[in-house]
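Labels run A, B and C following the written order; every chain starts at residue 1.
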Amino acid sequence: MQPDLHSRALAAHALHQFRTLSPLTHCMTNEVVQNFTANTLLALGASPAMVIEPEEASQFAAVAHAVLINVGTLTESRAIAMRAAVEQAQRANTPWTLDPVAVGALEFRRRFCLDLLSLQPAAIRGNASEILALAGMRGGGRGVDTTDTAAAALPAAQALACRVASIVVVTGEVDYVTDGQRTVSIRGGDPLMTRVVGTGCALSAVVAASCALQGDRLSNVASACSWMKQAGEFATEHSTGPGSFIPAFLDALYNLNAQELA
Amino acid sequence: MQPDLHSRALAAHALHQFRTLSPLTHCMTNEVVQNFTANTLLALGASPAMVIEPEEASQFAAVAHAVLINVGTLTESRAIAMRAAVEQAQRANTPWTLDPVAVGALEFRRRFCLDLLSLQPAAIRGNASEILALAGMRGGGRGVDTTDTAAAALPAAQALACRVASIVVVTGEVDYVTDGQRTVSIRGGDPLMTRVVGTGCALSAVVAASCALQGDRLSNVASACSWMKQAGEFATEHSTGPGSFIPAFLDALYNLNAQELA
Amino acid sequence: MQPDLHSRALAAHALHQFRTLSPLTHCMTNEVVQNFTANTLLALGASPAMVIEPEEASQFAAVAHAVLINVGTLTESRAIAMRAAVEQAQRANTPWTLDPVAVGALEFRRRFCLDLLSLQPAAIRGNASEILALAGMRGGGRGVDTTDTAAAALPAAQALACRVASIVVVTGEVDYVTDGQRTVSIRGGDPLMTRVVGTGCALSAVVAASCALQGDRLSNVASACSWMKQAGEFATEHSTGPGSFIPAFLDALYNLNAQELA
């Protein structure tokens, strides 16, 4: 059974809410994508902040609307700070989101991510190989690239969502968002997005921020996926390669029109 | 009493000097904006270098024309390296500039910045909330965003400049540059600049580099603000959002014409 | 005697090979250029990965097609991880490339780079001052900038290549690639490339990735230089400054046509 497509009207409504709240989003993310992640959030109307010292990260997690943990360039000292932030987020009821980058290929981050799962993430966003690995079903994965399709990882995503009581997003040509019971799909985007570093990581930041919205979290997270796919499509049409895609994508997010979306 | 507008003729003259000197600018800045900061300095004709290991940072501070300290993603180990660089800068008479990012919201960096103030910064650049916090008057501030206007922070900036014997720059819709006695203002720019991460941080780097110029430091620092506001205005006119703003801004800095400025 | 120009036909053939292999390239590089480096590799069809924790970096060096070590923002902890990766690369026969950024100006990284030379780099890529310094002939160098021409450093590059049994690339207005016996030159590019941070660092990553190709390594590395110079020329023609150069350069790499090259 094919999951229902996420409704454009819901995506438009969530976008309006998102811009009104302007969620203060505490991103503990990898060194490669910090700038693009911040610009993505700013373009959509959120307020990003990257705070990484353990004491400060913990202090900030209590103040922020949402926290993102992305393990792309994890180190031991960063892991300590991330854990402090997540523990504080949990105490303060700040929703936090996990992006388990390349978790299938590397042991140190796999142990760290599995350990964090007990601290109730609001959402988890990964590609098929990452979600399969996190769910304990070994997928392929080649560095940070997936070798599996999102659809193939959907059962793993659903099982993981049930086990962790979290929203799980598995992205690819089609994105799937599931809480284990309900699943919706989001189409769109373009393969050119895989030729720009950080589009997946930036989506995780937007997913994290969308968890701060009121209402149905599954729908809000699916809306985040929808905004990014829409902007990616628009940017692809208006660019001549991955270089010009980047400014076009940020412009598209900035100019994303709730009415057009719907 | 409204401070005098900084003269365009002075900004044009300082730009010419800046390009002639090509100040070697040692930037110890946050992880999010390093690339944009380096490209901003390069576009204006300066030579950026990011050196962060304590021994090297100290060695380099003696060779560089100017040093920037930006605490956006401060860690304990980075703080040690920054302090070593600042101490060496002071010994070598290399002017150093402080950007106290989010200093009002977070304790670890607040202690660090207050501690550094005794080491005679040439300049301090922050938004209103940051300058208020550094001056000991608690401003609002929401993450890295200000909740106060630059004008509201001007008395704090003037008091801080007197106390530390430094140039203080408080930026916003209007920028103010003060040494405690004299104050000039710079108009221009565009709110779109706040939707691009690192425009403020990059300004701090240009302020740092401008402290290496000969002549009146207050005027040179105000000129740095003027170049950035001019380029920001031009880039806004030639872009369709924050994405296309970035290349347009760097191009505008590169093509900034001393004659047009004046 | 002027070295032979590298043949366009060889560059075109190598590009085809490169896109077919899509080398998984493990980049341990400086904080300033990670994003641009990843996007450069992606645009050319390679698969970048930035893994920095010592255990993971070592694990990944055995899986990757190629490893890059760039010491631009070296720290003690990063040096430990880099050394672990290089040792594993050597054991696994993964070719690794060294970019000795600013090695002439700073002691800590000089000791580290000299130490690594005993671990058989496949290639070394630097500007004239860096290659002179690494070869033990002190060049000038001003921060990360060279004060020598590539041609002046060619004898040092040849001597270094012989001593280390590696390919040495010294870049500038003309690039030279040598194994100590044979030397080829690559013309093209544009001075605008020196106004964009990371074009040299990104070339080192492409050089590293090209060492994973089968066939004559000297020729493959020279081809990497050729692709970058070609794209740089094209991007300069299609941009109005260093800001618009960046997207134009990535687009040019993405659209680089093996037939046009030849």
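Going forward, contacts are C-beta pairs under 8 Å (C-beta built on N, C-alpha and C of every residue); 3 or more make two chains touch, one makes a residue touch a chain.
It should be emphasised that the depicted structure is a prediction, and the values quoted were computed from it without experimental measurement.
Taken together, the touching pairs cover every possible pairing of the chains. Simply put, chain A must spin 120° to overlay its Cα atoms on chain B, rounded in steps of 5.
Counting every residue number used by either copy at the chain A-chain C contact, under half are found in both chains. Centre-to-centre, using mean CA coordinates, chain A is 33 Å away from chain C.
Multi-chain contact residues of chain B, defined as those touching 2 or more other chains: 31, 35, 77, 246-247. On chain B, the positions that touch chain A within their shared complex are 30-33, 35-36, 72-77, 102, 105-109, 142-145, 194-198, 239-247. Chain A makes touch with chain B in their complex at residues 24, 26, 31, 34-35, 38-39, 42-43, 47-53, 55-56, 59-60, 63-64, 77, 246-255.
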